[in-house]
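Same chain, two partners: chain A is paired with chain B first, then with chain C.
Up next, the complex of A and B:
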């Protein structure tokens, strides 16, 4: 790492494994929206109503991944505690963060994930949970030619291999 | 390849989902003592041709259970809903 390559149409891509920091999941039940929003506001964040839009405040990123679940990536451990209405789970060791950068990043993802990564369908500032080689991953687009992918730690070697092998074959 | 609309994630390929069975089945009341009612509930399924309601789990997406209205003859999907919302609605109607 990092791995450099080009897609079959000649666009450059750099794949890198980066420091995830801390990843915290909040999950809940019927009162999730109210309780999670209060917990997030204490961290200067808020609960998004949108399941596609990434919420960023400084070094903290939040993704509303389901009606009663949110993932928070942060550079420091958040002071969140579980309660009767909120389950706080530290997933920092459960995911690895990859970045794909370059003019070919969207093209490479289009070849391995069944989603439309055009700017119109997947604008900057949005995310999606989807399958990469049948493995559940979260894809975030912080910049036009920049993607962040959270992958299960146990699949790191396989999925990096899949991406780099694809670039090698394209070259 | 089916394309299923997830109310949370949007339109996705069938490969992101797993089929969860017939969504029209209703569990007998827990006090039901007739074995036939339980055998029917657990084992007996129709094989309908035409519109049908099915459970699908968005396993590599939001992990929500959906109820999908699918035509078993044409594979046309005419609607999809979060199963939890349909259940909540049924509870309200029953109340």
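Up next, the complex of A and C:
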């Protein structure tokens, strides 16, 4: 890592494993929106009502992954506490963060994931939870030619291998 | 047949000369040629032998409908069978060979089958080989020979050196076909701003426009249209691509022959691509396929479709014959007839119709063509090429009404009408509608998100095709305007394609399905034997099956059956076309999903250490786990016995990161666990662990594992490796449906934690040395947990045992798994620490009598496995009702016991158990579930489920492995072989 290569269309891609930092899941029940929003506001974030839109403030990113769950990536450990209305779970070790950058990034993903990665269907600032070779992953698009993929840690080697197998490797 | 390349014309690049090979002979070709056109230009008219009778076959068509000219391509590991010569682009160095012929194409021994064709009619092997003798032995003997003789080309068993890839694509409109209608649709949709994918199976766009003479007015429009489309960023053009499948929700399968037109793919380029396209709507402009006519000898090389003859003439500048008989029942064959005459051929037209449009008659007269109305070809004469035809006057049913005349010729160009290429439509929607005036099945112009345009929709002229396409694309921009030949096949067509003698027979073999050697007589025979349904007809005769998918045969077979039954074609019906439209290489569908990436592999974060230390790995579901760590020259038996014995004597570590781990959180988690597990969890204190057994709703055991309480609302469940996903899914399901009252969340944390089991009498000493923590029995008794630091990594230490030894499980933040493992290994030297694998782990748990996947296999209850004491009677739990079914409470049910095998040979798992003196027949009284050599007991032992097991302790029984023909004797004992009082694990 990083792995440099091109897709069969000749578009360049760089695959890199980057430091995830901290990943925290907030989950709750009937009052989740209210409680989670309050917790997020303490981090200068807000709870998105949209399950495709990434909320980003500085080094903190939040993804609403379910009606009653939100996933937060941060560069420092967040001071969040579980309560009877909120379950806080550290998943920092459970995911590896992969970045795909370059003109071929969307093309590479279209070879392994059955999603439309055009800018119209997957605009910058959105994310999707999907399957990459049958493994559940979260794909975020922070830039036009930039994707972030959160992969379950134990599948990482296999999925990186699959991605790089699709590339003609640059020297 | 005396085909030759004309000195000018065509759409080939005459500035370059390339060479292709067929059966070792070299042929000159030009870029733009197909293998078929190159061979035809070189006078090679014999290209193949037929499937069943090994009859000589040449070219019939010039495109995807070609049924005869299947060849081998390339050699070595790129060898490819059954390629249609008409679809293979010629490239320099292309090697091709004939198939289905021995010893040579010219002299094929298999042709003797033709002499015995009387015995090879429809269903001959069912009648001949099934039934004459009792049993299936006779059939099974012949089946091997029949299967060896069947098939056409031979595939290679060498690994394919090329790679293939899959791509997911999305669009607003998918347009299949780039003839005039498809291009007009693409232009309109593209101008509208829609995201368009335009698919063309040829390497150039234009479809039927390319069959016009080079320089035709349509060429200018074609080049402008293509230029405009290529300038539109929202239009993606996929040439060399076939839309082979249409599926629900507007999903299409395409195969792009990306690098098939070169000797070997460029580095990094796939040979083929499989596109999975999801579109909002589809415009099908797939054209129509000309119908052959059915007459004796209609398969002789030199009998071709009239449209194919025209395509070879105009696109490839190949005049397929000098003396041509054109046999038709419609107007469309007149254009090729006139063009052939203009190119210098002597042409005779025999038209079944007694009247034709005056314009056509005038043109024919001016071209000095011999026109014979009301006549048809009764027989084509010749063996390896056409030598002549026998032409007869016919009635309105295609029956000869008088003696005919023999016409010497080297080419017969036939047109029996046209069949719209509605395969994609039919794959999606089923049966199309029959239009009597066109004698053809047509799709509706619009259904669902599908629009059909051009010849597919029965467009009567070039202009109508353009208009339909323009409208389907959204009518944006100026509608294209072009005029073409006035030769629409549907005008005044005479719907007769079968030509027979006055008595209805043919003077020789007349084929309906050329690829499968299905004769008119086979259809007749199927009718006589009662196979009158089109579905039965298809399967009994094989007409329309396999790679060809009935492109040239379907309508003629149906028409014949309709005649035999005295019914109209729509009453007889039609079959439904299935994907793929054309054969697709398995490699294209597989893409990268093979070998290492056939499926994803799951690796513990300690995996690399295991590999670096020579562990033999084993698949456990999706995981790869260390199986054993062999010493030099050691086999698995030696290794696991050594490893297990070492644990009992010293200390060992095993990677158990694969265990399922679930975070259960929320104020009602204790109640949730109480319902999930058979035993009680409400009293579990923070910092304690409890073993639990979980049932399915039907009362059988689903899984087991230990749960730790980490905080007031936080629990950590562990499951078996195999059932992790199943347990999580069941928990999620119940929480979201039946148990909405519980405030609980479950989340998999299998990836969050690496886990290491440390087992053996010195495990406490090792861990104390590493953690500097007080791990004494008093501070950390069994089933308690503690938080410790190992190599500065904060970990959680669970005291619990699977091996029966003093043992611990260390849960480590996953990304530090290897660091902690190495720290333990480094610190373990003074304690003689050794790693052990899953085989030794299995031996240890069998010695202890712990159940695992071999016992919790979906058919066993808590009672069966001696776990009844764990079931709480004070609360309901999943499975608590149905586990009390009488059949599950039957004391005769097989129950868990231990077996001490008598002798030095171990039992095989799966062996059946029988009483010592009883018969060894049937299913026995139980089975062996797990087996091992016990280093602690120094004997072979096993866990087994035996009817009335606990009551038979002390009995000697037989252990029979029917597969290995092994019969052993064993003594029934308690399954707690080792340390049944638990002194070691609790010490």
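Note that the second predicted complex is superposed on the first by the 167 of 171 C-alpha atoms of A that agree within 3 Å, B and C clash if a C-alpha of one lies under 4 Å from a C-alpha of the other, contacts with A are read in each partner's own complex, and residues count from 1 in each chain.
One rule holds in what follows: a contact is a pair of C-beta atoms (placed from the backbone, for glycine too) under 8 Å apart; a residue touches a chain by one contact, two chains touch by 3 or more.
Bear in mind the structure is a predicted one, so any value in this text is a computation, not a measurement.
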item: First, second, both or neither for A:65, with chain B first and chain C second; value: first
item: Which superposed partner A:134 touches (first chain B, second chain C, both, neither); value: both
item: First (chain B), second (chain C), both or neither touched by A:90; value: second
item: First (chain B), second (chain C), both or neither touched by A:158; value: second
item: First (chain B), second (chain C), both or neither touched by A:126; value: neither
item: Partner touching more residues of chain A, whether chain B or chain C; value: C
item: Touched partner set for A:8, first chain B, second chain C, both or neither; value: second
item: Touched partner set for A:51, first chain B, second chain C, both or neither; value: first
item: Partner chain in contact with A:114 - chain B first, chain C second, else both or neither; value: both
item: Chain C-contacting residues of chain A that also contact chain B; value: 69, 114-115, 134-135
item: Residues on chain C engaged by chain A in the complex (per definition of touch); value: 165-170, 195, 258, 267-270, 273, 276, 278, 591-593, 596-597, 599-605, 607, 623, 657, 663, 665-667, 711, 713-714, 743, 745, 747-753, 813-816
item: Sites on chain A touched by chain C in the complex; value: 6, 8, 25, 27-29, 68-69, 82, 84, 87, 89-95, 107, 110-111, 113-116, 118, 120-121, 133-135, 152-155, 157-159, 161-162, 165-168
item: Residue ranges of chain B touching chain A (in the complex, touch as defined); value: 8-10, 12-13, 15-16, 59-64, 82, 84
item: Residues of chain A touching chain B in the complex; value: 51-52, 65-67, 69, 114-115, 128-131, 134-137
